[in-house]
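Both complexes below contain chain A, partnered by chain B and then by chain C.
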Partner chain A sequence: MRYNSVYLLNRIGFSLVTLFVAATLNFLLPRLMGGDPASALASDKALGSQQVADALKAQFGLDNPSLLYQYGQYLKQLLHGNLGISYANYPSPVIDVIGKALPWTLGTVLTATLLSYLVGWLIGIRGAWKSGSFFDQSTLFSAFFLNSVPFFWIAIIFIMIFSFYLGWFPLGQAVDPTYGAMSAMEKVRSVLYHAILPVFTLIIASLAGHILVLRNNLMRVLSEDYMLLAKAKGLKASRRKYAYGARNALLPSFTGLMTSLGHVIGGAITTEIVFSYPGVGLVTFNAILNHDYPLIQGAFLCIAVSVIVCNLIADLLYPLIDPRVALG
Partner chain B sequence: MTILRRAAGAIRTAFPGAKGMIGLAILLAFTAIALLGSLLAPYPKNYIEFEPWLAPSMHHWLGTDSYGQDVLSQMIYGTRTSFWVGVIAGLITTVIGVAVGIISGFKGGWVEEALMRVVDLLLIIPTLALMIILASFLPSMGVTSTILIIGCLSWLYMARSIRSQTMAERQSGYVEAARMVGMKDTEIMFREILPNIVPVILANLVLVTTQAVLAEAGLSFLGLGDPTNVSWGTILALANANNAVLFHAWWWILPPGLAIALFCFGFILIGNGILEKYRANRGNAAL
Partner chain C sequence: MKRIRAREALWRKSGLAVVAASLAGVLLLAGCSSSKPEASAGGSPSGGQGAASSAGASGSGSSGSGSPVVYHLGETINPEQVTNFNPFLATGNWSNLFDYVFDQLYYFNPVKGELVSRLAAGEGAWSDDKKTYTVKLNMKAKWHDGQPFTAADVVYSYEALKTNAALDRYQLWGDKRLKSVTAQGDDTVVFALNDRFPSLPFYLTTVYIVPKHQFEKENPAEFLNKTPIGTGPFQFDSVNESAIVLKKNPDYFLGAPQIDQLLIDRFNNSSTLTLAIEKGDVQGSTGTVAMPSVPKLLENPANKLQVYPGLSTYAVIMNNEKPGLNDPAVRKAIQLGLDRQSLIEKGESGGVFPASPGFLSSVFGDSTDAKLLDDPAYAYDANKAMQTLEAAGYKKNGKGIYAKDGKTLSFTYHMAANAPAQNKEGAMITAWLKAIGIETTVKLVTWPELTKLLMSGDYELLQNGLTTPPDPQAALEVFHSKMTAPTGTNTPGLNYMRFRDKDVDAWLDEAASADDQTRQELYKKVQDRIAEQAPIAMMYNVGGHVPYRVDQFQGYDENLPVTSALSLLKVSKK
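Then we have the complex of A and B:
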């Protein structure tokens, strides 16, 4: 493996700039929308305590009218992990509420993204290999259909079928009510059992893009000369299909895997509401219901940071799969 | 007669192939429902005087919900919101996407570099998260603010696609000729290149419109829509909040999702029809 330093610096620098932009948007957008930052972050009515509100206002520089000063204080507090105090979960700091929720979201979203990619890859390959076949036509049709329905609708339908009518899975939540009294093995079983349907929903809902991209990639690869040569050499069909075709079709779609992550997280926000799954999406939904502005902003930052970090990891893994990116 | 024949010819060019015609038929049906909503709906909007949880019957084709509202009537009124949000937000997105795409693709140099860097940065942050933070800090949400928020945040992919198409056009002879005659840059971009990439723009317009419909549904589902209005998204949000699943009320859950799917499907069919014809004409597969 050869990492070249220009590539490394470029990707890390880009991620840092993106982080900075996300933080700045988080500061600017609410103000642009005409929201009052002082009452949004430190409303004594919402917090129920004048002292706490005043202390927060001082921390975030909201007692000073200068926007630049406020921005500086905001960045300073951000670096200390201070995102304010959640109104609805008083006196928990926003960072704690989100820290509890994030593992649930990341666990389901990452698992679903990888599995969806794998399944989409297999379906796309099969479709492209026999393009025009019944299998190809029907998967294409399903992909277009899945592309045009909301994630949360699929979630409701799955709950109706698999949890309510068939009774295979729980109706919601991430663990059993008796979770606290369980042994370690039972806890693992409970978590996995509750995660199956949400993950399955995310897989199905994000499958369409992968199928279409991989099918198109493989169609292009199949018309290459080396595919004809492989056939002329008399190689077995399965070898041509996987070792020649699928392998080369995989590379250009890796960037698609990265961009799909943001899409899946967006879908997970609404899916978690349907499953009452205690991740960042459900936290965001409750924060919106309760007008818990510090928590809404915190959730935004958390989503943005997770996607940026995952993208950086994917960027750093990319040269392992395709050394050319880090060399050029 | 000639006018009719010309109109038929124009429709055939804009919506090529059988797929395109089916897509057009679907969209015309939705347009009719959106425009004639109050005439078609059997009962007034938000009328809550019926018995709750009624299964579909002759009186209520799609049953009633937990509030005693006729689901079919709500669906018909909801069509109007979803339709206009999709169409107008889609148009806003297209205007921004085309402008950014053509300018960066044609100008090149630092203009392109700067614009595409901004696009790359924003592409990473999930659009729904940006929409949430904008919508939740607005003092009040109406259909107009929904349209503006969706329209102004969805142009990133489109700008990229238009840019690469413009870069291909820039090499063509007619652009060179226009330069020779001494046309200004803005004239070349919007009077010469723009008409030549109309099919690509249309195909993108179709995509962003479906995305706008889905975004509206998502925002409404999160409680960030206009609370006094009804859309396919708010119907689903209410169904979920009132545990429609536990009351076996499939008639409340299936129609909004299927309506969204059918609407988007119509657009996708048209978009694919346009692209296929464009590719066949130009022999250009890299779109």
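Then we have the complex of A and C:
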């Protein structure tokens, strides 16, 4: 038995407490922004009419100003799995709004995250193994450059080159505008075709960090005594490289991967905006601009839950990868 | 030893799985990238090569009785703007869509500042006491589902606003306004009023008529109306992540459109939309364009920009109750210190209209006091601004800032965060104010917070827009004291300036029920007083700046917003 029950209970209990704190902060933070959504909406759409503002407040359940009362309602609804009605999308429920954006985000950000870690790791391993080589020097240089460039800049440059001048890819959006009239095969092709450039951008933009972390870790591991012993024993180079070196060097990067996976659900705001891609990042960003409390809460809660769950999974997987953890 | 090997095997297995999954992903991507030329040859305009692509799409499209004419209109439409298609709702939809799918009784044409009949058959008739307005309907109209359109639909649409206060955004059912809306037979609607309300026809432009047979089964305040049925020139077909698809209504009562499909391409930002126009993927927008890209866009003679005045005025809004700003001389100096022409040229790349110091937009035609616009008395003049302050007894202190009786002219200046054009203009304005000896402390807040500050009065100077209904009376009533409240209390209307002037109140009250001639005279008086008292320092007027291409389509009506429904009716493929 690899797990002991204390470790398990500890991790799960800790996750539950974190979840409760996150849910509470989640309630408070949007309310600290200042400005109330009903008045803003009334001023924006109804010439600042007080009657309309009051009617909207009643509609949104903001007519009882007590924060404690609102908090009680929020927790009650949460336990029923109800994230509420979005103000800016009124009368659409939050769950629908997020649910519509989620597949697009998962499709692109998840693919990009996995690919970027994989490619980054492979490059990092090769670089560390042959440190000082031309390959190592050139990837290191590119990585330092890419690491200091913001996502949106790469996205804009890619659009200008590949979409505007070369015309290889669409300028943005998730599917062809005539999507509704397409056959199933064409639909799949349309979705993939539109996803290539955003995914590629995300990979390029996040690759550098993974290369650098793994390369440095592996360099450290390679200088350990047991690596020398393995070599002395005459073990094959590929075995030393992957099973002895990379495996140990990957431990910190594995935590990074799980955290990144937890954040996938939050989307990639800047990339989504530049590519007019309909993901969760954009929905959350607009929700903040619109003071759409229920939607902000819903989106952040999803992110919080997903980060906590991924961390829990990481904690549970860790003893499998690194036996020192569970027994410690 | 055994355990180590087992773990190794596990690691290798899971490692393999990751590699396999990723490889599958790479193959998928590679597969579809190689299928790309095929996709664009099959008529995907967004994947094509430059401007030729749309032409190719409709030219080399499917065989048979000629390929359909597709018109691509681009807009920034966010996901939260397609969650419903209910024209009563202020949220969750992109309101410009309703112009294409629905009709009002009258359409307000901002280019000419006049009303155009849609579902109404010509102008309505006032009763002698001016308390009833009778509108004949265009009975050639019918609903997209084939049902006949009648006066009952109009009555239902107005009644829905009465029963749902939150929907009555323009307060048509307010105290002195509508008493009842009734049908007279199938083809006539009678609007009865509690008091004289000469602006009523303008307000009728704000209500889209919905089909009673569809809406009466629903709660109009919550109905999502996923498949809208209107009377308009285009019928709703579908919506997807990239576009709203409309098709022509061949039976439209004002003539059938000549384009078969109207695709409204959805973008998330104006820069990509502008690129799409430049590339020819879309033919225009309803008014969104990245202003800094306009000069580049117009280098290509295929691209045009239509600019017309509108109902939003951007200004440095001043709280007239705050110390310093309660002195007309200070407000006047601020007004004189703003170089409005530079704001228009450098800040907005010429895409906006000059704003009159008398506030009323030139969209209102004869009601606007046109001479105020070029009156040198209100033109930019930094020296005159300083003279005005000195004449009122202000003296420069050691830091070069004017002060009088212990009050230094130092104010907070709020503007929106994350609004590059606004921030650039704000920087220009605060520098000009500094030059005339008025100090500002800039504070950046979110748009909703700006609104909150305006309502509560918790600000001194604030840069923002004021949008009025399409009615000169309502626009000028922004300065009526009934629309304001003391600092610390939320205003009931748009008089965020806390401006109070007994004459202005009296003139506006008289105009509310006067005949046309008298109204216009009274409006001129009000505008002159506003210019003179400077409760607010105008920046510019924002209406439409509509980019559009003329290389593939023709027939735009430039007397209307070129991409509005009534203009697109006449647009055809070259």
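Throughout what follows, the second predicted complex is superposed on the first by the 203 of 328 C-alpha atoms of A that agree within 3 Å, B and C clash if a C-alpha of one lies under 4 Å from a C-alpha of the other, contacts with A are read in each partner's own complex, and residues count from 1 in each chain.
Quick note on the criterion: a residue touches a chain if its C-beta (ideal position, glycine included) is under 8 Å from a C-beta of that chain, and two chains touch if they have at least 3 such contacts.
A quick note: this is a predicted structure, and the numbers were derived from the prediction, not measured.
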Winner by number of chain A residues touched, once chain B and chain C are compared: C
Partner chain in contact with A:Leu8 - chain B first, chain C second, else both or neither: neither
Partner chain(s) touched by A:Leu235 [first = chain B, second = chain C, both, neither]: neither
Contacts of A:Phe164 with chain B and chain C, given as first, second, both or neither: both
Partner chain(s) touched by A:Leu316 [first = chain B, second = chain C, both, neither]: neither
Which of chain B and chain C A:Ser148 touches, first, second, both or neither: first
Partner chain(s) touched by A:Leu75 [first = chain B, second = chain C, both, neither]: neither
Touching partner for A:Val274 - first (chain B), second (chain C), both, neither: both
Which superposed partner A:Met227 touches (first chain B, second chain C, both, neither): neither
Contacts of A:Leu251 with chain B and chain C, given as first, second, both or neither: neither
Shared chain A surface residues [contacts with chain B and with chain C]: 33-35, 40, 156, 159, 164, 171, 273-274, 289
Touch list for chain A against partner chain C, complex: 33-37, 39-41, 43-52, 55-56, 59, 86-92, 96-97, 100-101, 104, 111, 114-115, 118, 156, 159, 163-164, 167-181, 186, 189-190, 192-194, 196, 199, 242-243, 247, 272-278, 282-283, 286-287, 289-292, 320-321, 323
Touch list for chain B against partner chain A, complex: 120-130, 132-134, 136-139, 210, 214, 217-218, 221-224, 233, 236, 239-240, 244-246, 250, 253-254, 256-257, 260-261, 263-265, 268, 285
Chain A residues touching chain B - in the complex, by the definition given at the top: 14, 17-18, 21-22, 25-26, 29-30, 33-35, 40, 144-145, 147-150, 152-153, 156-157, 159-160, 164, 171, 220, 259, 262-263, 265-266, 269-270, 273-274, 284-285, 288-289, 293, 296-297, 299-300, 303-304, 307-308, 311
Chain C residues within the chain A interface of the complex: 7-8, 10-12, 15, 18-19, 21-22, 25-26, 28-29, 31-33, 35-36, 39, 42, 44-50, 53, 72, 78-80, 83-84, 89-92, 165-166, 168-171, 221-222, 224, 237-238, 240-243, 245, 263, 265-269, 271-272, 275-276, 278-279, 281, 445-449, 451-452, 454-455, 467-469, 474, 490-494, 496
